[in-house]
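Each in structure tokens, the structures are laid out below.
Consider the two complexes below, in which chain A is the common component and chain B and chain C are the respective partners.
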Partner chain A sequence: MKRKIYMAAGANTISMGTGRKEFNPRKERPGLEHYISTAGQASLAQISNPELIDEVYVGNFMAGRFNRQGHLGGFAATINPTLEYKPSMRVEGACGSGGLALISAIRSVLSETSSVALALGVEVQNTVKAIYGADILATAGWSKKRKEGHAYFFPGQFSDRAGVYYEKYGYDYARKGMGRWFRNAIDNARLDPTAQEYHNDTADLEEAYHQAVPNGKFFVDHLNFFDCSKVSDGASAILVTSEEGLAQLGISKKDAVEVVGFAQLTRNITNDPPNPVEMTTVGKAAAKALEDAGITIDQVGTAEVHDCFSIAGILTVEALGLAAQGEGAAWVAEGNTARDGKLPINTTGGLIGWGHPTGATGVHQAVTIWQQLTGKAGAAQVSLNPERPYGLTINMGGDDVTVVAIVYKRAD
Partner chain B sequence: MKRKIYMAAGANTISMGTGRKEFNPRKERPGLEHYISTAGQASLAQISNPELIDEVYVGNFMAGRFNRQGHLGGFAATINPTLEYKPSMRVEGACGSGGLALISAIRSVLSETSSVALALGVEVQNTVKAIYGADILATAGWSKKRKEGHAYFFPGQFSDRAGVYYEKYGYDYARKGMGRWFRNAIDNARLDPTAQEYHNDTADLEEAYHQAVPNGKFFVDHLNFFDCSKVSDGASAILVTSEEGLAQLGISKKDAVEVVGFAQLTRNITNDPPNPVEMTTVGKAAAKALEDAGITIDQVGTAEVHDCFSIAGILTVEALGLAAQGEGAAWVAEGNTARDGKLPINTTGGLIGWGHPTGATGVHQAVTIWQQLTGKAGAAQVSLNPERPYGLTINMGGDDVTVVAIVYKRAD
Partner chain C sequence: MQYDERLQHVAVLGAAGKMGSGILLLTAVEMTDLSLKPENKNKTFVLNAIDLSDENLAGIMEYLRVQILKIAEKKVIWLRQMYADRADLTDNEDVIEQYIRDAMRIVRPTTAMEAAYRSRLIFEAVSENKDLKVKIFRQIDQHNPNDPWFFTNTSSVPINLIESEAGLNGRVLGFHFYNPPAIQKLVELIVTAKTRPDVRQFALDYAKGLKKVVVPSNDFAGFIGNGHFMRDALFGINKAMEIAAKRPLAEAVYLVNKVTQDYLVRPMGIFQLIDYVGIDVVQFIMKVMNPFLKDENLHSDLLDRMIEMGVKGGQLPSGAQKNGFLKYEKGAVVAVFNPDSNTYVDVAGFAADCDAWLGAMPAEWKPWKSAIRLSDKDAHFASWFAALKDTAGNGAALAMAYGKNSDAIGRKLVADGVAHSEGDVNTVMLTGFFHAYGPVNTYFV
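Entry: the complex of A and B
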């Protein structure tokens, strides 16, 4: 990195949707405007000089259809009037939009056109029924390819991946790892009051997972409901700063993380994934970000990965080189990714436990890593192995199409 | 600018829609994919080493609804396989999306994470009838405010501005300037084979403009059809490079423009414009970009401005300080913005003449300025006053909400 980059003052709204006690699908709920201003203001409440914010990036996937609203950059000044007449734009790469907001803010601070940028992600999805929502989310893939596909296009893509994985490595073997993935997600979510599964009180999560076969059928061919991330309303925000920016904000380095490497890669959306049991772009992006940081995966103490489906979690473990191909399910089943495991992953629940407000997810991942590395994670705090001082986030758009990987370390 | 930034190898598709002889609303037409690859490949055809392109920014407003397609960054590698596994993202700020693609590419090259970035804008809007299209374009404004508004929300916003202008400065006076604006737009479009109004053969354009009152009624309260920009399918692309990047591409400086200043500003979308007869954000952004370049408007030899409606053109002339408030209509009526005038504006037709493929427009403006400053504008070429060597683009999203202003000069 040619200039030191930091992140601080992270904040999340609740991830709202089924699972939260407050959620009532028949009652009117807060809209996009509420989530943008709530997350933004919760970040700005941690600083005394919001006028130092030079610009805003808003990650959002599809407010144009969920909320009939484009042009989300225009809402920046609803967070704080000091943002009026400053640069603000929306960036989009499907479910990787939040990661793109972070990357854009990082590049802008590196360009020295900005010292402090607010990166915010938002999605409000409970405005439509699930089947219409699935149709909207399907725009993350190539529309022309979709015509002959599943009604639930995206679950279908990852169901196909799971089917090949089962065939290649064994159904019971794979499901054991995926069930453990689900259990970890809910266990972690129960420790974060903003998580969508915070109120989940199921006694035996793995048993519940394996019995989730209503009428003898899965939700899609090879995945049940518990294999899927949530339909969520939520927003997350964090400040991205230069070293001078951090000092001017009066934020102590112990309250910040340093960004020490990053990568952003996109594969051709019109092609099928090169290998159904490999997250190829995730693997390339993670390797590039780790190389950029000059570290190996063995130095990462906690990671947030994009488990839109449990199978994506297993395949990402393999793509990161934590386990060989086909051995990710065992590595997860053995508890290596649990909060007391070798490498705690998705410590506030990830997309399956915390929730998946699509355009916000990438920013939420950064907020969790910032919380963990600075000791601000509350009940969800994990104790980091001092030999593994780095954090890693992997945010993905589409079926392994757009991937943003960022490497962090505690700043002081 | 802390690092020299250049643009080169610009390209446009045809702006397709009503007015073009090839356009038949009842026949199937090329989609988004065609426009992205055609514009991108036309830019890349001007270099011999596309592998030097580090990343791609795609400006697009609302493919999610016009084309049921999100995640446009995923199409980069359909332009050229060398773009596979490189960074690519979509940026959006309504009709200012193309300008945001340029700004993002500029910031990225300034950050030194990239030496050559491809900025591409695209929109394919003729997929739906005009009234549904108007509903989609209305997402550029605040959806909550719109409920009580015009069916044609955006034309309505600028119609309201025109109504106040008529009342304050006189109807006939204002319409004279607006009619001349229309005449210039079509005159210029007739000289550019890619322009949507290229085939327009109306003999007396100003007379046609003033008589365009079908059944004694305007299209919206204070504007007729000729006051409005076109519904267009199109894409534009241009390379944004560092000095080293330009040299590595083998592009001579005489074939490039240098970016010498820029500004990006956004006002609160939930507020009405502070003054209905003022383009406040446009004025602020232009002043900031000119200041960044260290020049005044009197040194600008040609400009591309965002005439989504003729009244926006008149008000922009005032916002740029070319005429005092209320005197823009006279300044235009006197021919100062015509191709042989004091400051030729929209020399390939602008949004009213060339066309307005919304997410592409900002990039198209840069391509026109690049053509004019490097002598590549063909029949549309204007002769530049040597005392005014600079070019200026003003791209706007929403009703004066997001504005991108860029100042250019010939590189050699």
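Entry: the complex of A and C
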């Protein structure tokens, strides 16, 4: 890195949707405006001088259709009046939009265009029924493939991947790992009051998971609902700063993380994934970010990965080189990714447990890593192995098309 | 004529009514699904929605659109397969909208009975008047060259009388939906001695297409469902009259309603059920059934009195419950009608006193809502009614008497040859009336 980059003052709204006790699909709910201002103001409440913020990046996937609202950059000043007449723009890369907001802020600070940038991600998806939400989310794939795709397009894509994985490595073997992935997600979400599955009180999660046998007549062939991330309304925000910016904000280094490496890669959207049981772009982006940071995966103490589906979680474990191809399910089933395991992953629940407000997810991942590395994760706090001081986030858009990987460490 | 062909040209009579609109919806969906099959793509399907009221027909078209949308949303995976060859339909929303258009194109609302003259299948859901049904059927049959089949939704008129008086000779049967047809899973199927086997087979196939549970009932006034309900209701009314010898009638109605709902663990008390069906409808069905019954008088002076005072129950077009024996606010019972003063008496004023008269309920009690979800319902009800039997108090005694009578009604329906088996009686009450246990049981011995 040419210049030291930090993140601090992270904030999340609740991830709202089915699972939360206060969620009632029949009642009117707060919209985009509420989520943007709530997350943004919660971040700004942690600094005394918001006028120091130079610019704003809003990560969002499809407000144009979920909320009939484009032009999200225009909402920056609703967070704080000092943001008016400053640069603000929305960035989009499907479910990787939040990661793109982070990357944009990092690049801007790196290039010395700004000292402090606010990266905010937001999505409000419970405005339409799931069956129409599936149409909207399908635009993260190539439109020419929509017709031949499943009614639930993305579950269909990852169901196909899971089907090949079952065929190659065994159904029961794979489901065991995926069921454990689900259990970890809910166990962790129960420790974070903002998580969508915070109220989940199912006694035996893995039993519930295995009872719900995938049925293509009602959903997709190879996944059940527990294999899927949530439909969520939510926003997350975090400040990206230079060293001077951090000092000017009066934020102590013990309250910040340093960004030590990052990568953003994009695969050709018009092609099918080169290998259905491999997250190729995730693997390449993670390797590049780790190389950029000058570390290996063995030095990473906690990671947030893009488990839009449990099978994506398993394949990401393999793409990161934590387990060989076909061995990810076993590695997860053995508890290595649990909060007390070798490498705790998705410690506030990930996309399956915390929720997946698509455009916000990448930023939420950064907030979780910031919380964990600075000891601010509350009940969800994991104890980090001092030998492995690094954090890693993997945010993905589409079916392994846009990937943002970022490596962090404590700033002090 | 194959199933699909028979369903190519259909008429629903009374299509804008409470039952007719549900039958229209289900039939429209079944016909639309058939029309999407590759072998039917070039055939025209016609469903005449015939009713007397232009206004109601306009309303029913909007009802259909909304309901078909909901149905389409639930089967979008199948719809995408059916429209796979339509390159212009890519999103779920596209195929759902196309399905609605395809369904609405089939339905032809009209006030002209002549539209049924070309139909191959006639569903009848007009009012419960035998002479009216006979007149309409005869008229259509005389002008229709297709030898149409007639399915009547009557819940009380013997089918063989309709058949002989309209001269239909084996081409009619009773296809009795429960209210509301779109939701209730039960259909009572009533054939006559002459009903043709192919008509009966078609009815079974059609019920299967609609995913209904068919219970055959013999052709006896009231069939199984009303055969049980009307007698059960009359028992409740008479019990209330007995209690009313010593207490105000409003309190007696409250007591019997509470015992039948809570102690007998039913979805609603007997007076609420009478209100739900409509006091006028109950009175009418009793009147239709009574001439056919031996050694029984299915008649209530109290019902006559309520109707004379203009208190009818039933539902508003919105589905909200109208006041009858009971007064409702947001679905909850708040007052009971007192015919002597022509006013409603607030429940709050006498509930505590009445509940004390009933006595304490055993601890085993579970409300209907949770009892119906139990995996071992038999064991629960066996222990609940055993506990009730050992309980002193007027409530427990009334519940036991009521349960015994309900059981006897069920057994009589089998003995009289109305139902083929006790199992069929129980299926009707479990499926059509949402009871948590069948009336024919061993709980009240």
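Convention: the second predicted complex is superposed on the first by the 406 of 412 C-alpha atoms of A that agree within 3 Å, B and C clash if a C-alpha of one lies under 4 Å from a C-alpha of the other, contacts with A are read in each partner's own complex, and residues count from 1 in each chain.
By our rule, a contact is a pair of C-beta atoms (placed from the backbone, for glycine too) under 8 Å apart; a residue touches a chain by one contact, two chains touch by 3 or more.
None of these values were measured; they are calculated from a predicted model.
Asks: Of the partners chain B and chain C, which touch A:Thr113 in the superposed model: first, second, both, neither?
Replies: The first partner, chain B, only.
Asks: State whether A:Ala140 touches chain B only (first), chain C only (second), both chains, or neither.
Replies: first
Asks: Just chain B (first), just chain C (second), both, or neither: which does A:Lys168 touch?
Replies: After superposing on A, A:Lys168 lies clear of both chain B and chain C.
Asks: Answer with first, second, both or neither: which of chain B and chain C does A:Ala151 touch in the superposed model?
Replies: second
Asks: By the touch definition at the top of the document, which applies to A:Gly64: first (chain B), second (chain C), both, or neither?
Replies: Only chain B is touched by A:Gly64; chain C is not.
Asks: For A:Lys129, decide between first (touching chain B), second (touching chain C), both and neither.
Replies: After superposition on chain A, A:Lys129 lies in contact with chain C alone.
Asks: In the superposed arrangement, which partner chain does A:Ile269 touch: chain B (first), chain C (second), both, or neither?
Replies: Touch partner of A:Ile269: chain B, not chain C.
Asks: First (chain B), second (chain C), both or neither: which does A:Val401 touch?
Replies: Touch partner of A:Val401: chain B, not chain C.
Asks: Tell me which partner touches more residues of chain A in the superposed arrangement, chain B or chain C.
Replies: Counting contacted residues of chain A, the larger count belongs to B.
Asks: Could you pull out which residues of chain A sit against chain B in one structure and against chain C in the other?
Replies: Chain A residues touching both partners: 143.
Asks: Flag every residue of chain C that touches chain A in the complex, lowest number first.
Replies: Residues 73, 76-77, 80, 87, 89-93, 96 of chain C touch chain A in their complex.
Asks: Can you name the residues of chain B that touch chain A in the complex?
Replies: Those in contact with chain A are residues 2, 31, 33, 55-56, 61-62, 64-65, 67-78, 81, 84-94, 100, 103-104, 107-108, 110-113, 136, 139-144, 264-270, 281, 284, 397-398, 401-402.
Asks: Can you tell me which positions in chain A touch chain C when the two form their complex?
Replies: The touching residues are 129, 131-132, 134-135, 138, 143, 146-147, 150-151, 216-218.
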